[in-house]
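Some structures are shown below for you to check.
Consider the two complexes below, in which chain A is the common component and chain B and chain C are the respective partners.
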Partner chain A sequence: MTITSDSVALNQWFPVAYDGQVKPGASRDTILLGEPLTLRADASGDLTVQTQTGDTLPTIRAFTLVFTTLGDNPRPMPVIQEFDEPDRRVVNCGSVGVQTSPCRIVENFLDMAHFCFVHTDILGAVDETEVLSYKTRLHEDVDEIWATDCKFFQPAASQSARDASAGQLTDYIYRITSPFSVMLYKTAMGYADRLDAICLFIQPKTETDCIAYMPMALLDDVSSTTSMIDFQQTIFLQDRIILENQRPRLLPISPRSEMPTRADLSSVAYRRWLKDKGLRFGLLLEDAA
Partner chain B sequence: MGAALALDTTQATALALSAHIPPGDVHPAILNGFELAVWRDSAGQLNLWEDRCPHRGMRLSFGFVRQDRLTCLYHGWEFGSDSGCKRIPAHPDLEPPKTLCAKPFAVAERFGMVVLNGAPHDDGTWYGVRTIFVPRPLQDVAIPDISETPWRTDGPFMLGTIDTHQVAVALHATSDGHSAIHVTTTHPDMDKRLSLARALVDHRQAMTQETT
Partner chain C sequence: MIRLHNYTLSGSCYKVRLLLGFLEIQHELVAVDFFPGQEHKSVEFSAINPLQQIPVLDDGNLRLRDAQAILAYLARRYDTGRTWLPDDPARFGQVMMWLGFAGTELMAASAARLHDAFGFDLDIDRARSDAHAAFAVLDDHLAERQILGQTWLVGDTPTIADVACFPYVALSGDGGIGQEHYPNLRIWQKAFRRLPRFDAVSGVPEFV
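Then we have the complex of A and B:
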């Protein structure tokens, strides 16, 4: 295994652990972009991240995760103010291994059309499959793609919604916060003007072997933390069956490789944005078909 | 990793037992690492496609057959026996463009097996016995000793005899040094077919142990 030479991929912040994953005084080996790393926790649990040659990498603690970078000039961390709002439940859902490209995982997170088929009776219903028209926009100041005006009928949009009703039209806003991270805002049960925030940060060990982290900042005074984590893990494990069986595993970005439809507007924007950045890591550049 | 593999369509290759794919069912098959989906509509017509939805690459063998259409598990796109996409649930009012297709390969049934690039042939009644998978490359696979007469070759098949009835064996390379052995027979006695299937499981056991 060798480290990637892709400078776009190198110059990102990536999660390598969630808070508390490495016990005080313990260490843990992991891999980032093909580079083996060792995480060591001191007596207070703070992590040091080192390469095999003993170089110590910078770290940032944010969103219940520990981030590091292998680049000299990393893209700035996203600003997600919801994690600082005191009345929110900030929940760390642990991590899940997924054997596919990090870009396939981001793209699946952006997709509403699969709710009815992959998350049946939870995030979608088999008789309400239509994806209504929505908008995507590149916010150049922060270099993020946002998808707005997204609406979808959901039988059980969250743990709190499942307990409260038989279904609702859920509003969604998606933010692609880096080539390897994405988040969404969705209707919070009982709030007209505030939205739940759910993030997906990916640690690519290799081009087709990743660890996904899903911190959330939710407006929910009712559900137990365990039930909130169970809900999110159930959803993600349903997605993993899909993600590990997409072919090719690398995301093909040549327009002839896969055929989008209108519902894939955000996926099309994401692929074009990756291509414009000159990213190669996790992508199949030639035709897949 | 991820580069497109090519499927050898120049020769006939048996990939599965016909009996394993009843009407309304879909199964995966792998030939030299190339992933295929085999499915049958309610009228019995067999389809052999690349195991990949043209939309977002999901393996179609994870899907399901409803109303003579193979439906992708990911977004519910429905494909008919002509391989064309008939419905996109995200846009119920949209008529999918004619160019939106799964990728089909020529398939026929012979001696009770599903044959890539096979020629249609009326063989009478054949029964599925068993497919076994062995951790051996094709050239190292031993043919199970189940025929009472010397094997004779017919295309990708070896034909033999059991109690005056016919037995057919065909092999194919799946992936990473693994192979499949398919066996069918015209023998009408189910007990005899079950004992044949047991013999094949023993054969697999023997080949697996010799390898490891």
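Then we have the complex of A and C:
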């Protein structure tokens, strides 16, 4: 295994651990973009990240995770202010290994059409499958793609919604915060004007072997932390089995390969954006073949 | 009320939840933050189970650990039809044999899943090859059963042997263990899925 030469991929911040994963005084080996790394926790649990040649990499602690980069000029970390709001429940859902391209994981997260079939009776109902039209826009100041005005009928949109009602029309906003991270805002139970924030940060070990982290900043005074984690993990393990069965594992990026429908608007925008950046890592570039 | 110390994505807890469902036994779930919280290793949980494992079942003053022991207890105590744990000595012995298998050899498939999905540090090649060896034994047994026109591991009705073996077979894809070579396992899983009150868990494939 060798480190990638893709400078777009190298110049990103990636999560390599969640808070508390490496116990004080312990170490853990991991891989980022093909590069083996060792994480060492000091007596207070703070992590040092080193390459095999002993270089110490920079770290940032944010959103319950520890981030590092292999690049000299990484894309800035996203600003997600919800994690700083004092009345939010900030939840660390751990991490889940997924054998596929990081870009397929992002794309699945953006896709509302799969809710009914993959998350039946939770995020979607088999008789309410329509994805209503929504807008996508590139926010040039932060170089992020946003999809807004998304709406979907959900039997149990969150742990607190599951306990409170039999279903609701949920509002969604998606934010693609880097080629390898994406987040969503969705209706929070009992709040008219504020939204729950759920993130997905991906650590690609290789082009087709990833670790996904899902920190959340939720508005919920009722549910236990354990039940909020349980809800999110249940959802993500339903996605995982679908993701791992997709072929090819790399995300095909020629416009010919998959016909876009309206529901796929955000994924078309994502693929174009990746192409414009010149990313190759995790992609199957059919035109170049 | 019966209380099950439970983690939704644990295959061992899933065994117990399945039988509670089949027997329509009222119960309460006590959520244990197994991952990422590792609550089963806490001082508080060690008082509940010194082995630091889930599931644990409380029924009145009785506290039981080990999914297989819990299945046997629930069947004896609550299955009025006495089919899930047969009285016939030979069948009883065979059920116990497969319960032992579910708690030992088959747990290699659980280890592979913990490695792949939750990043547990263990010998994954060993886990997968041990799981394949266990699957081959189960598949061979089911081949013999199917030749006799039988669907289930023991006797002519589903028993707790089937319940104990189902979860880690059905969840094997989560640990990168394919089932292409086990046609009889697939037939058995299909039949299991069709049982009344069957409930899936994330990772159990639809096509099984």
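What we mean here is this: the second predicted complex is superposed on the first by the 286 of 289 C-alpha atoms of A that agree within 3 Å, B and C clash if a C-alpha of one lies under 4 Å from a C-alpha of the other, contacts with A are read in each partner's own complex, and residues count from 1 in each chain.
Everything below uses one rule, namely that contacts are C-beta pairs under 8 Å (C-beta built on N, C-alpha and C of every residue); 3 or more make two chains touch, one makes a residue touch a chain.
All values derive from a computational prediction rather than experimental measurement.
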* To do: Answer with clash or fit: chain B and chain C placed together on chain A by superposition.
  => fit
* Residue contacts on chain A - larger count, chain B or chain C -> B
* To do: Could you say whether A:Ser165 touches chain B, chain C, both of them, or neither, answering first, second, both or neither?
  => neither
* Figure out whether A:Glu130 sits in contact with chain B (first) or chain C (second), or with both, or with neither. => first
* Asked: Once the two complexes are overlaid, how big is the angle at chain A between chain B and chain C (Cα centres, nearest 10°)?
  -> 50
* To do: State whether A:Pro248 touches chain B only (first), chain C only (second), both chains, or neither.
  => first
* Contacts of A:Cys116 with chain B and chain C, given as first, second, both or neither -> first
* Asked: A:Thr226 contacts which: chain B (first), chain C (second), both, neither?
  -> second
* Which of chain B and chain C A:Leu284 touches, first, second, both or neither -> first
* Check the residue A:Ile211 against both partner chains and state whether it touches chain B (first), chain C (second), both, or neither. => second
* To do: Once the structures are superposed on A, label A:Cys93 by its partner contacts, choosing first (chain B), second (chain C), both or neither.
  => second
* Asked: Closest pair of CA atoms, one in chain B and one in chain C, after superposing: how far apart in Å?
  -> 5
* Could you tell me which stretches of chain A are touched by chain B in one complex and by chain C in the other? => 241
* chain A residues touching chain C - in the complex, by the definition given at the top -> 18, 20-21, 28, 92-97, 99, 211, 224-227, 229-230, 233-238, 240-241, 244
* **Touching residues on chain A, where the partner in the complex is chain B** => 107, 111-114, 116-118, 129-131, 207-208, 241-242, 245-250, 252, 258-264, 267, 284, 286-289
* Structure fact -> In their shared complex, chain A is touched by residues of chain C numbered 7-9, 31-33, 35-37, 39, 116-119, 121, 173-174, 176, 202-203, 205
* Interfacial residue positions of chain B with respect to chain A in the complex -> 1-4, 35, 51-52, 54-59, 62, 72-76, 88-92, 94, 100, 103
